[in-house]
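Note that the chains take the letters A, B, C and D in the order they are written out, and that residue 1 is the start of every chain.
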Amino acid sequence: MKEKIKVQVIGATGYGGIGIIDLLSSHPNFQITSLFAKDQFGETINNYYPHLNTISELMVQEIDQNEIGKNADVIIFTTPDTVAMQIIEPLYKKLLECNIKIIDFSGDFRFKDINDYEEYAQKHPKINDTQHSAKNLLHKSVYGLPELFKDEIKNATIVGNPGCFAVSMILGIAPLSKLKLITGAQINIDSTTGTSGAGKSLNETQHFSNMESNFMPYRVLSHQHVTEVKKVVSDLGKKIEDIHFIPHLINTTRGILSSIHIELTEKKSKNQLLEIFKDYYQSEQFIRILDHPPNIKNVRGSNFCDISVDVDATGKHAIIFSAIDNLMKGQSSNAVQCLNIMYGLDEKTGIERVPLYP
Amino acid sequence: MKEKIKVQVIGATGYGGIGIIDLLSSHPNFQITSLFAKDQFGETINNYYPHLNTISELMVQEIDQNEIGKNADVIIFTTPDTVAMQIIEPLYKKLLECNIKIIDFSGDFRFKDINDYEEYAQKHPKINDTQHSAKNLLHKSVYGLPELFKDEIKNATIVGNPGCFAVSMILGIAPLSKLKLITGAQINIDSTTGTSGAGKSLNETQHFSNMESNFMPYRVLSHQHVTEVKKVVSDLGKKIEDIHFIPHLINTTRGILSSIHIELTEKKSKNQLLEIFKDYYQSEQFIRILDHPPNIKNVRGSNFCDISVDVDATGKHAIIFSAIDNLMKGQSSNAVQCLNIMYGLDEKTGIERVPLYP
Amino acid sequence: MKEKIKVQVIGATGYGGIGIIDLLSSHPNFQITSLFAKDQFGETINNYYPHLNTISELMVQEIDQNEIGKNADVIIFTTPDTVAMQIIEPLYKKLLECNIKIIDFSGDFRFKDINDYEEYAQKHPKINDTQHSAKNLLHKSVYGLPELFKDEIKNATIVGNPGCFAVSMILGIAPLSKLKLITGAQINIDSTTGTSGAGKSLNETQHFSNMESNFMPYRVLSHQHVTEVKKVVSDLGKKIEDIHFIPHLINTTRGILSSIHIELTEKKSKNQLLEIFKDYYQSEQFIRILDHPPNIKNVRGSNFCDISVDVDATGKHAIIFSAIDNLMKGQSSNAVQCLNIMYGLDEKTGIERVPLYP
Amino acid sequence: MKEKIKVQVIGATGYGGIGIIDLLSSHPNFQITSLFAKDQFGETINNYYPHLNTISELMVQEIDQNEIGKNADVIIFTTPDTVAMQIIEPLYKKLLECNIKIIDFSGDFRFKDINDYEEYAQKHPKINDTQHSAKNLLHKSVYGLPELFKDEIKNATIVGNPGCFAVSMILGIAPLSKLKLITGAQINIDSTTGTSGAGKSLNETQHFSNMESNFMPYRVLSHQHVTEVKKVVSDLGKKIEDIHFIPHLINTTRGILSSIHIELTEKKSKNQLLEIFKDYYQSEQFIRILDHPPNIKNVRGSNFCDISVDVDATGKHAIIFSAIDNLMKGQSSNAVQCLNIMYGLDEKTGIERVPLYP
């Protein structure tokens, strides 16, 4: 039996961390060799997350600069913004020599251009004064959205795993941008996310008694994921000046559904739009183009992105819906898809989960 | 003690019916004298709805043309489209002589102009071939949104209680339309409704195992409530050519939140917009203008409509959020507000419910 | 117009506090004159709880011993255990002179006998080492369950509002205890509570992403409310040696349903049991005896306790179900019911809320 | 590559059917060759269940006696009670000759003794007058609970997959019964199930607007699963005369948690009980014995049964909690576990799903 590729997880006790632990526990080619976390450490991971009993009983260690990269082929940072860049910067030469690859879940390595990062950081409520501490590595980073950047991911050493909202938005806009079918006017996007997008940190909004049976907009016109969407989509075709993006929080744990309004440069029928999307994604196994609106339960627990399109009577106002599981295609299983590509494996390996329905 | 005004409820066993029964059970000026229904009758209302035990134990009778208007000052039709117009048409002269007032929960009497009704009916999946059977009464009907049509309601004999989505949209757009601040371009609205908007009829979408943890768009760009919104809002100010309206279904029972995108004719700051809304609704006791986004749990069970505004960096793209309980301000308590006005009572009587939070 | 009775609320920013604010905001006989809290103060109450906008905009003040009792006829402590007893002890003489009445939501004044309190405190995870600081006042306290202690409440100066689980258990057991129909063997009770029972304090269990779609037992055989149940029920009839009580946490905000297993001393049919319960509660307006199992949505937002009974084929094993809204009959509206009784009002005044269904 | 074992699914469009389709779609040893259903047929399965798009696009055919057993090694009946026995009876000889094995999800083949079946059927609200139509096959049937009957399952030709409640109850009682630690007195069990236990059939209770935020007992002391529990558990050790079982319906889709009260014949500590359970299940890979109460989200989507124990101060009243996913260990993945055993495979093959948390 071939030896498995060794993976270190930094940030193991967050939802991103347990997502990776879950997926790699049954992956034929990867094995996790060590778990690190900043706040919760000193016990085995199943002590923090009992659903992992018998699945993973690895010890969670305190993050220790000296341990990073030891006995590992890949490091996955499932940490908040700025953690990965601070840890990697002093180590990068060494990591490179050892041929160690990196995937980061935060925005630290989603931008090749420091200006884009700075626009992103400024919008981010927790890091808006932060300087990037590893600017010189940005040019090596690749935006980890396999449906658009498969070739770059194949050869990448640092992959910036996309923001969850960004995944749902970009996949819904890309085919129209590619064909330059988007007018310059504006794109309006109302997205709805499950609560897990905000992670496990306690706060009043996410207290069950507040959130049950509730629904609310938040971070109106000011969410940082818009920066990566504008960048990626503009690079594909027409430059997008502005996206009016409103995230909403829904009373369920998992799922993102984006409702995207786009003014078209030319009249299209619903069928023509469906064909455009089917063509664009014809070789993509995790994109499903539907002729009726998607919903979040039909993708829950899976790496699928379900997309449908509609158009108004004028044929010029298109609506695209895209639905993902924010913790899967919006986070962990997307990262494993990247990993598979980086190591020349079939990109579906280990992430062919059937959506958990009902 | 003054005698109470007598109310007949037609359609008593739907959610609209039990909403009226609930509200009038403790209203100092009204009393329900008889309950009618089409499918469920022959038992007391608390047999169909045990939460009404000890609150109302009136017998539900089969709808009988001969009983309509007997021993009643008001008839409230909480019935689906076409029921009220068919029952009222042959009786109207008699009802008028007896000075009996009517409130209808369906779209039958929401339009004075038959063309508007026909546009509405065409979009309605259940009645799209229907001819209006009481055309000659339409000119007497009044659109029952007290915040805009208080004077007309005061003297109305037939009130068409607005569609639930329409209430949330109109209240969010009206102040900007009145000031002609809306460009002709377009209005994009993504709304989210609780499941109760579809009533008690069983269907696969609303089966609990399907709907729990789910979220989905439906009736994309084709919901009939748009007709009444366009009509009412255009009449206030600038003619609105089109509204791109997407309803979404959320996994909670009560609540509508509308996220309204409007292009402004002139640059406005958030504070200027807030002032516009506060001015417009200054004498309205059920409209609360907030400086942060509303949510649906903060209005649950009440007649409030909570509204907030935002604007993008250009000052020309406004976002308005409005939140209501679809069964209250979107239906039953709005109807009681109309009733109060029709009978010269303080419009808050009997509907000053505090939102059920948490 | 008669002047209203003045109420101080200590602990205004907890769920108990906002429950009282909600109920008294429309009560014809009471008005809140001041709000106090320990952690959140310095703003008006609607700033902490936006659902109260326009309903109550009273300032929340820091708890200040010198302000307690000023300009007040009643003080309601909606505070955690030990707060009321510590504040009241030094003030009691003064309060008594001013004829100020007290209702406390914690366990501080639920027991006349210090030994019972100590058993209770020992089981309580937050106060298990605590000595009662106002022992000399315990004999004056009355257990605030109107269905059992109406006469005592009428003349009480200190009312200990019962524990929410205790309300549901006692109301379900009392008729059988009174008739000495309970064998000494044991009572097994599995109860399920909505999350609001634990209040607004943030914790991992109640983080939405953990609690959604979840269900779990907790505090197995060790919940402090059992002490008051044993005490009250034993005093009515046969001494109860033990109650095996298991609380469960459900993924909804409001509601308690208790499933009570009791071994009967003599064979009874379901109908006989129903008659026993109907007789016992015949003059109680908030107890509804049903011939089918109750559910928590049929009492949500109301002061009702719905009860049903069943019996096995032997006629000796009875099952009693009781359902309440833990924040209403289990807390705030029960306290207002006590208040009404203490001031000679109709006990239904201000708390005739219809359950919020659907 | 070895050819896969061929599976026919009868009842493909129910929740049991899609559970099997999901699990076998990625199973290395089985493949589904045909799907049959009674009411929904004529389209591919993904048309009825869009979450299966790209996963299974097999045509669903009308049930046709002539097709049963064709091109199949195994037939899985995911049908309601009485369907399997009626279809199998006339075919059994033929099926036996072809060495075709059968798994049935209903109660048709859960009992070797016709008297036990009749007790079961009498309690079942939908089949209480039914005569078993394949009595002569009952002695060949095996109760499909691998943790107790692995050897019998290995050689079985007809496996009766257990009732979902029964799985949770039996696994929680078996170790104590085996050691004859249960007194004859009684066992009290309160269980809570997600809505999916009742399948996809529409009914008023399971209408989302009714069920959201709700919780209720049902089928009090009269659920048919008790018969199989009594039978299995009695056979292991002491004869159980009665189980007072109350199922409750919770507002989530998946999960069963049973709270089991047992009087012990001798005093035991919590640790002693834990050891008893660990010993009994030491070689079982899907049973996890915990030292804290389980919850349903920690087993969701997996084949695990999580069990914990507690005991009161006397050491004689034990509480056992067991949690499963009713559609997995309570249904489909348990059936696949049986399948694996029947074909000599590692029993974990294809069902090592990590619980979907959060």
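Note that in this section a contact is a pair of C-beta atoms (placed from the backbone, for glycine too) under 8 Å apart; a residue touches a chain by one contact, two chains touch by 3 or more.
These numbers come from a predicted model, not from an experiment.
The interface formed by C-D recurs in A-B: of the pairs listed in A-B, B-C or B-D, only this one shares over half of its residue-numbered contact pairs with it. Of the two interfaces, A-D and A-B, the higher number of touching C-beta pairs belongs to A-B. We define each chain's centre as the mean of its Cα atoms; on that basis chain A and chain C are separated by 47 Å. In whole angstrom, the spacing between the mean C-alpha positions of chain A and chain D is 37.
Centre-to-centre separation between chain A and chain B, using Cα means, comes to 40 Å.
Shown for chain A are the residues in touch with two or more other chains, namely 15, 196, 200, 209, 212-213, 251-254, 294, 297, 300, 358.
Taken in their complex, chain B has these residues touching chain A: 186, 188, 190, 192, 209-210, 212-218, 220-221, 242, 244, 246, 248, 250-255, 257, 259, 261, 293-297, 300, 310, 312-314, 317, 319, 321, 358. Of all residues in chain D, those touching chain A in their complex are 15, 18, 22, 25-26, 49-55, 196, 200, 212-213, 253-254, 285, 288, 290, 292, 294, 297-302, 304, 306, 327, 352, 354-358. By the touch criterion stated above, chain C contacts chain A in their complex at residues 15, 194-196, 200, 202-204, 206-209, 211-213, 251-253.
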